[in-house]
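First subunit A sits with subunit B, and in the next complex the same chain sits with subunit C.
Here is the complex of A and B:
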């Protein structure tokens, strides 16, 4: 790129050559702060946290290595960690599948030449603009065991109705699923709708000429062709699941007890409230590895895919 | 596109009619499901506590009162402070504005270099920077809180601004880079031959066509930073908390009589700025969402 410029100007003043040299250095110089930031605050800090996770740090970080003790405690001696991991599995399986079912269904329905389509879309997507803290505050009130949904249904005549999931250690995790689905399914809808709009209508026409019914066309042709969208949606939702912190904090604070703990809240509680830095760092490293195990293969295939297209 | 939908829905036999009724019915039920929580929030926030205790969750208020709003803004207690949401609201404003401006500007220049001034290794560096979009922030919390303390930015709004700039950069860089890639290289080459340099090309050629991507990046950063809770709760002091942290403290306060109307008014106050952005610029909001999440 720069060579052509150099050749054009080679015969002119030497000064120009100097400026050209400067020009090729300039982008690197301008990019340098970002390079330093990424090197320190992303990679350096990941390394730093990993280091802490191999020490016996408690309230303050220590830097003498102590081997795998934190990881061993995490996986063999800390039941709370397994509760958090179990909750993450329950949460992500339900959250991902419900979001995809709702998102896909609404996307297919919205794609049927609907009057007021953009109006519906605006409504389905607005929760995405809200903070999880706001969403959580709203659902905390709606699911309130005394004055919320339970009492509403009782007032409607079902006096035996009880709905106390928020304070029930077996059910509280599902309240987080409800709020999270409410917040995120509109986004999945938007992904699917974009996918549906990209399908060649000729394929559908051909199938209709062959006498296939509409549900059959969707089931056999359209939905399978959305496979890349399914993949993106699952990856994004998994990513949201592993990072979910805000909603748990505001809805249940990980409680009752630690029954709704997730890895993110676990990490926070042990690092910042209980003064067990090494232990918290170990859980953070596990979270990081889990995200990387999902994201790197996905990114790799995405990047390769776009390169092949070109 | 219209062809496809016409082919699917154009006929008018009874089965199709029933199908369409079902479709509209489901869409409306879904819309109600999405709207009800917000409706409940608004209704609760303009009721008195007495009305809340005796009325229905979804009923209209018997008497509209803005008492809860006044209290939420001015005097509600979050922990030991009883000054309402107002200070935290302004904390968030003071945090969002500089971090959005700085991270967007640096991202624009970065994107310009990654797309138009590539050098050996720049692509590799770009992919390494992208990782910053995905890391769970738990993995940098402990070093960051140490570092902020070390450089004297601990427990302050400046510290939060710094953190949001640092971890916003991968996203803004990505947005601008992907947008600038679509500008033909020939234009840049021509400008170079005319003797324009790095910054001149950026100002005269690139910036004039950058408005849409600036809107996308600014909206994305604004909503992300306004809605952030993790950095806020980990790095702020009691007088530098952003509004999300204050709201969480408010609804989780267990001392005294719980005032749900105040909680809801405070939640709406915390949600209004991003909701406003969404309503006036929804198209750009969605574009950022898809670009930030899928491509990142």
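Here is the complex of A and C:
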């Protein structure tokens, strides 16, 4: 009797042991391919690019290290690089702040329970359905002095009117901001609208009972409670602005001259058109470090935040 | 299982027979970006000639980006150790590929076909790596053309200029008549095209060679260069505000429609006039750019040949031979609007601008005024070309002085060396 019971429990133990092991192994086995792909194609190539940036690679990659020579050339001898970096700052700051202001204002207006809200919401969101290529091509025609806005207003009778930002090397970067804001502010509107709908109406009612005016309610209660939405909007817009390659390529092609060059277009031109792979890789690594400088503090604060909540 | 075995057996048989084809007919894989209608039709002639000799042609066309895409593909194939038999690569980049040690030696074909005699020396030198032929030239484009609309000149009472002083007078007259003097495409490569034409026209062939071919920093910041840059900037007031970013063919259309008087562009602009049904010397005039009547700035397309498997060597050499034979040279270049790179061919089948170009090509090859184009990647390494183009386009599109621009030009070129 005892013996058979013992054997019985033993076999169930074995079985559960197997299933237990399978249960712990299966998620790992399923996750492994994606993990391996990410390790090779993201982190592997980050490492590869970094290595190339320390070599004297020209047309094809070479692997003998040559020290910091590419970085020194990049920072001391290449005026175009500084134009690209300056443009990135101008573009990111204006693009992110204008998008957030317009998106927030539109969201607040739409949140007033107006009639035809879904109609307006669709209109504002539509630009986002287009790719930057389409946006760029459309704005290139709109802003072209011979075809677009300037000509239209002149034909309306204001013959003195000029609007030539697109062809002016000092102002062309702002036309990229205009096109990018047009495209992305509807998306920010959607983010904020979702945030606004998530606020408990009881809080607003309570504030109204206390006699707070509507602007004051928005300024003191609603906008501060949208803080997480601000954060995600900034992060999303930031990566759009650092990746801004297609819009520049279509709208201005980096011109007039190279006045609207961005680090991404700079990197492409030098690594692939000019056979300076090492130099292009150095600029790519600098871009990568810039992104890390933003992402790491963000991740740090996020991770620490969740730990504290526990 | 049985089907599987059958398939395997058939495959083995085929591979055995396939291997026996050594030395006989082979296959050439050709990487190129001639995909537009006329260009593709021109290249199909080469395919037919090759197939008539029993070889097979494997087309490997990569469209887009003016060859950038094709170069990216070629690099990855070469790195993987599996390059095509031939690829469309030109100018000093041939030397870069030579440095990689992947190119084959075509000297036996060159000797049998007497390439040294039928090609101008300056062209042959570009096709050689360390004294051996590694590439075959296909066609010649002349860069220093000025495309004029005679109706515009007539309306303004101006004559087609042959010097830069006359050019300015003509521009003033056309502007006074309410038309745009110069159809300008504001893209860096087009600005560089005009720039190098001015270098040749204002300061002569020797200075051109020193700056645009040898990239001598001292010459690049000399007073002569300042004069060239000032001439370039002078043209800006005779262009319209819509110029920045404009494609070259849209600028050509302005000349065709009579909105603008002239355009500086290579001879591929002729295709636009032909497509619009215009006749040379009646509806449009192709004149050498001011001061460059005797000079010939050339852009030559060529195929580099890679080392291939033994069985395909015969096919590859046949392709190299056929490219330079009169038959292909004639058909291809008439279709493409360029002129033959092989000298001494009959001018009969070509049109008026091409005949003038052919005459100037052989004359300039004797006088030494035949020079490679910087803007079209024939003269200097891509890195230096990029540096020159950056400096030129930045100068043209900003309020910089010509002196500062010349200094920047020299600094940028030194950094890119």
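Going forward, the second predicted complex is superposed on the first by the 266 of 310 C-alpha atoms of A that agree within 3 Å, B and C clash if a C-alpha of one lies under 4 Å from a C-alpha of the other, contacts with A are read in each partner's own complex, and residues count from 1 in each chain.
Everything below uses one rule, namely that a contact is a pair of C-beta atoms (placed from the backbone, for glycine too) under 8 Å apart; a residue touches a chain by one contact, two chains touch by 3 or more.
Just so it is clear, the structure is predicted and the values come from calculations on it, not from any experiment.
Enquirer: Given the alignment on subunit A, is it a clash or a fit between subunit B and subunit C?
Expert: The answer is clash.
Enquirer: Of subunit B and subunit C, which one contacts the greater number of residues in subunit A?
Expert: Touching more of subunit A: B.
Enquirer: So, does A:61 touch the first partner subunit B, the second partner subunit C, both, or neither?
Expert: both
Enquirer: Answer with first, second, both or neither: which of subunit B and subunit C does A:34 touch in the superposed model?
Expert: first
Enquirer: In the overlay, answer first, second, both or neither for which of subunit B and subunit C A:130 touches.
Expert: First partner only, subunit B.
Enquirer: With the two structures laid over each other on chain A, which partner does A:167 touch: subunit B (first), subunit C (second), both, or neither?
Expert: After superposing on A, A:167 lies in contact with subunit C but is clear of subunit B.
Enquirer: Is A:144 touching anything from subunit B or subunit C once the two structures are fitted on A? First, second, both or neither.
Expert: After superposing on A, A:144 lies in contact with both subunit B and subunit C.
Enquirer: Tell me which partner A:204 touches in the superposition: subunit B (first), subunit C (second), both or neither.
Expert: First partner only.
Enquirer: In the overlaid three-chain picture, which partner chain does A:274 touch, first (subunit B) or second (subunit C), both, or neither?
Expert: Touch status of A:274: second partner only.
Enquirer: Do subunit B and subunit C land on any of the same subunit A residues, and which?
Expert: 61, 140, 144, 147, 253, 272
Enquirer: In the complex, go through subunit A and note every residue touching subunit B.
Expert: Going through subunit A, the ones touching subunit B are 1, 4-5, 8, 19, 23-24, 26-28, 30-31, 33-35, 37-38, 41-46, 48-49, 52, 61, 102, 105-106, 109-114, 120, 122-142, 144, 147-149, 151-152, 155, 182, 186-187, 190-191, 194, 197, 199, 201, 204-205, 208, 214, 232, 236, 239, 242-243, 245-246, 249-250, 253, 263-264, 267-268, 271-272, 277, 280-281, 283-285, 287-288, 291-292, 295, 299, 302-303.
Enquirer: What part of subunit B is in contact with subunit A in the complex they form?
Expert: Subunit B reaches subunit A through residues 1-9, 19-20, 23-24, 26-27, 30-31, 33-35, 37-38, 40-41, 44, 52-53, 56-58, 106, 109-110, 113, 117-119, 122, 125, 127-132, 134-144, 146, 166-167, 169-170, 173, 185, 189, 192-193, 197-198, 223, 226-230, 233-234, 244, 247-248, 251-252, 260, 263-264, 266-268, 270-271, 274-275, 277-279, 282, 285-286, 289-290, 293-295.
Enquirer: Which residues, counting only subunit A, touch subunit C once they are in their complex?
Expert: It comes out as residues 58-61, 73, 77-80, 140, 144-147, 164, 166-167, 169, 252-253, 255-259, 269-270, 272-276.
Enquirer: If we count contacts the way the header does, which residues on subunit C are in touch with subunit A in the complex?
Expert: Going by the criterion above, the answer is residues 68, 71-72, 75, 78-79, 93, 96-97, 100, 186-188, 240-245, 381-383, 385-386, 390, 393-398, 408, 411-412, 415-416.
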